[in-house]
Amino acid sequence: MDKTIESKKFAPGSNGGSIRRTIKYENELDKNFAKKIADIAHGEAMYNCIQCGTCSATCPVSHYMDFTPRKIIAMVREGFKDEVLSSSTVWMCASCYSCTVECPKEIKITDVMYALKREAIAGGYYPKHFPTPALATSFFDQVKKNGRSSEGPLLVKVFLKTNPFKMFGNALLGWKLWKTGRMSMKSEKIKDRKGFAKLLNGLDKVKEVAVK
Amino acid sequence: MSSTNGNGSPRIGFYVCHCGHNIASVVNVEEVQKFVATLPGVIVSRDYKYMCSDPGQELIQNDIKEFKLNRIVVASCSPLLHEHTFRVAAEKGGLNPYYFHMINIRENVSWVNTDKVMATEKAKDLARAGIQRVFFHKPLIKKEVPINPAVMIVGGGIAGIHAALTIANAGKRVYLVEREATIGGHMAMFDKTFPTLDCAACILTPKMSAVKNNPNITLWTYAEVEKVEGFVGSYKATVRHKPRYIKEDLCVGCMDCIDACIYKEAKYPDEFNQGLSMRKPVYIPFPQATPQVVLVDPETCIDFKSRRCKKTCIEACDRDAIDLHQIDTYEEIEVGTIILSTGFKPFDAKRAPQYGYGKHQNVFTALEVERLVNASGPTNGEVLTRDGKKPKSVGIIHCVGSRDAKTNKWCSRVCCMYSLKLAHLIKEHTDAEVYNFYIDMRTPGKGYEEFYDKLLKEGVHFIRGRVAEVTDWALMPEEKDRLTIRVEDTLIGTVRRIPVDMVVLATGLVPRDDAQEIRRMFNISCSNEGFFLERHPKLAPVSTFTDGIFIAGACQGPKDIPDSVAQAGAAAAEALSLICAGKIELEPNTAQIIEKDCSGCKSCIPLCPYSAITFKDDIQKAYINEALCKGCGTCVAACPSGSIIQNLFEDEEIFSEIDGLLKFAGLETGALCSTEMEVQ
Amino acid sequence: MKYLYYPGCSLKCTGRAYEESLLAVFKALKIDYTEIEDWNCCGATAYMAVDEVNAFSIAARNLALAEKQFEKEEEIQVIAPCAACYMVLIKTMKYLNESPALKEKTVHALKEAGLNFTGRVKVRHPLDVLINDIGIEAIAKAKKHPLKGIKVASYYGCQTVRPYSTFDDQRDPQTMDNLVKALGAEPVDWPLKTRCCGGSLTGTVAEVGLPLSYILLKEAARHGADVVVTACPLCQFNLECYQTDINKKFNEDINLPVMYFSQLMGLAMDIPQKELGMQRLFVKPEKVLKTVKGGEPAYV
């Protein structure tokens, strides 16, 4: 059983001859997961999904995802929390809203993806060097502090967090941008940073109300 | 004010039902019975286990005779269930049935309360209210109206045809009014029907001939109903005959005029062939049209535009049947019942722009492909793309316009089956690779699942996935210059791109554009979706809320041919049931205008949902047609001068009931009614 | 009609040319605009990925600032050129108006910062303002050099038209095409007008992002486009600045100029190229400039 058949012709998604046991028991599911994710504005529509697959069909990057958007909705509904939050899907989503527009049940799929992104970050489900969540969190921190995002310092920060060597690969692009005046290392800030901080603190103070 | 209302001072018999445990387990029925016995006017007060049973009803009848009762009150279940039962019992006992009043202490008391004391008090209050009310009941008489045995059927598709034949064969006169130049409806356009693959024309045309030949059916094609007046049993309809410019009784359908037409080439899109072929200004919809008569299209005929045509058609006609000066004519008919079988309209594929209909030339609707596969269609049965080639692969997309919050929420019921049928026919005609893209495969009818099974054997590809887009941009050499369908194959679990030569859109069924106008003309309702509304979705699918008007077929909701025929038979039976009875009784709880009090303000007229109120210009007063009135009470409440009253809901009746309810709280209304009753 | 102008972070950095050209066009068409004072980042797509209520609130701060600045005006209209900013602001307006709980939280938090939100603001896209407020005829009249013979592929991207935009069709938008026609150029009918360019994926997950932009460039070129115009700074960045990487990865030689629609407008209206930020382009739009008088651009 530990002998894998030698062959170079294994298709992606197949087991290549090795044995993998796939079964899901009820006690491994998170029965509250669906409710938590559906707790966003207009989130109840998610329960009406008929699994038609239009979202996956129209998503321009669904063929790169490990679980297509349709599968994600099915898995969220049933409580496959770990699989969903550790998938690459949520980080591949570019928020193009094609799925939301085409869905015949008017499910706000992009918003579900955002909710999953938030859960994944909050639960620490993403590998630290994965660029997309690193971009999101760095962006968040920068805007929280300064009130504006500054693309130059942001990109540097993200590269440092994920893959410093990539910076060399993008050096030419960076130089061209700088020469055309489209890149600066200046940190943009708003004037009323105090008021901005008060705004964000004010939100923390307000009791957690379901955003319906 | 003494309330004798015609038969002496009130002698009331009161009966409270145990209804087994349903009422008695919560309400102390003996206490109620004893309490009511103390009320003025009550001669007999009993409790019994099952009032609706035969012994229970006999109890009422015997008591009426023995104690000379002239009012009956029963406290039991909902009037919707047994009011009729007890009214009949009272009538059998010799009383006018409207001297009976029913109180609901089951749905309104025992089934919604757990506190026995409170429940019993409530039952007592309701009983007292009922007792006080029944004093004022009047001996109403049900009105009878006769039923004219003639029937008008609007719409000559398969449903209308079947209903017409059924009623005509029962010996009654039928007026079948069809707005197109031929009967047959959508079924005449199909090639084969599922699941038997019967040729549609082969099974339809005998019925069409039967209609033409039946002496009891007056077939009016190219005619529309203009106005409908009256009520059940006596409807008066005005029918407009549109001019064909052909004398129908002279034309034999030889079609020499078409050959002789000044247009050597057909130039105008043929509607029957969905625009896939051309016709001339003089034409016949299809070869087996019934009646077999041609017609002239005034929009395209040269003579209408310039009055200077050589009129070679008239020359060619040796029966002198062409008359280019015809005009609209009107005819009035009197019928007792009407059946609406006006059918459906296919969903406009342009409303789903992501599938490219109208943009990419080789995207077709299902109806267009029906015409293509039909041997008498525009391509003589060859399935060809719009650039004349035989397709090597065809994609059929299910649920176009259906099951979609943005277009139609409903499932159109027939598309899965006809998509399977088209898959089979296309494969038969072209041997192409056929792909059906579906969300669910809906095959509920008799033989339908077996049909699906047959298709699976034929090697048709069934891909479960709703298509997001039909596009012409290519990602692989195999896709260049073809239409590519991007879909998620949900069962296998991968995204796929499938290039095809032809795309067929399984468009859904929607209500016809003028459904709202038609329903107003006939005084019926439409549902939210726009289809005609049935009286009850389960128990009364072919009747409407307007007595005497029935609906059948796809105009009531999307359905296939077997169901349309079944509904047509059902509607015919309901109509025949009225006709055989010869008369219909109307409930007397109608509203009436007290003429001397009516100020002629006309406030009530637009409020009536049943269009039952008209204005008598000569005396400047409103008038309510009892036969149309359904007793909803709107006009009664709205009348500013209080000059409308409603039988069974007159002011004294209502106020005494309120008074009875509020008495225990010490809130005497002291209103209209006196609480002093004459007691024997 | 007075408008408020919300540039957004990109328009001050990689999308500088968009601001420069758009404001120059506004000035030429005499559109009265004022920048919102002390505006903050709208949150774009990234903020929502970390905290939902925060994201709505910081976007709402801009709307509250707009309400404060134009308190006395009858109508408060904010022009947001960047597609992401436009979408975020409209989404915020919609969700706050539809969800009382969310609105309550946000209003409460904004009060801490001394601001108020009532939902009066109308968020407009510059294309919407140009086509519907100024009008096609006025724009056609304002052009001095009809861009004859130039085939232009209008690329709308995702968030200009999806999911909330009200001024154009979501699947087959026409405003930019009509604008291009009014400038005398020939709009190209191509099927990928609204297909995603990859957004930030071109930078973070290039393997996924680059092919998306590549497909767009190839299809536009295949349909004969001489230039692609966009309405989003990230789309412009992806389509233009990554052409070297795309060429390397896919063994191509694509040299398709990608401009902002406002730059195209400015060229047709004879606004000096430096004012339109033409020098910031990576790929020289030679053919376009040849039809314009004195077409000697200053380039990298």
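Each chain gets a letter, A, B and C, in the order it is written, and its residues are counted from 1.
Here is the rule we use: a residue touches a chain if its C-beta (ideal position, glycine included) is under 8 Å from a C-beta of that chain, and two chains touch if they have at least 3 such contacts.
Treat the numbers as computed from the prediction; the structure is a model and nothing was measured.
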{"item": "Chain occupying the most central position, where position means C-alpha average", "value": "B"}
{"item": "Between the pairs B-C and A-C, the one where more C-beta pairs touch", "value": "A-C"}
{"item": "Chain centre separation (subunit B, subunit C; CA means) in Å", "value": "52"}
{"item": "Centre-to-centre distance between subunit C and subunit A (centres being mean Cα positions), rounded to whole Å", "value": "24"}
{"item": "Where subunit A touches two or more other chains at once, by residue number", "value": "98"}
{"item": "Per-residue multi-chain contacts in subunit C, two or more chains", "value": "171"}
{"item": "Numbers and ranges of subunit B residues touching at least 2 other chains", "value": "354"}
{"item": "Residues of subunit B touching subunit C in the complex", "value": "353-354, 471-473, 475"}
{"item": "Subunit C to subunit A touching residues, read off their complex", "value": "9-10, 12-17, 38-41, 43-54, 57-58, 61, 87, 95, 98-99, 101-102, 104-106, 108-115, 158-159, 162-163, 170-171, 195-196, 198-201, 203-205, 207-209, 212, 241-242, 244-245, 279-282, 300"}
{"item": "Subunit C residues touching subunit B - in the complex, by the definition given at the top", "value": "171-172, 190-192, 215, 219"}
{"item": "Touching residues (chain side subunit A, partner subunit C) in the complex", "value": "40-42, 60-61, 64, 91-92, 94-98, 100-101, 110, 114-115, 117-118, 121, 131-133, 135-137, 139-140, 143-144, 147-152, 155, 158, 172-173, 176-177, 179-184, 188, 190-192, 195-196, 198-203, 206, 209-212"}
{"item": "Residue ranges of subunit A touching subunit B (in the complex, touch as defined)", "value": "13, 50-58, 62-63, 68, 70-71, 98, 102, 104-106"}
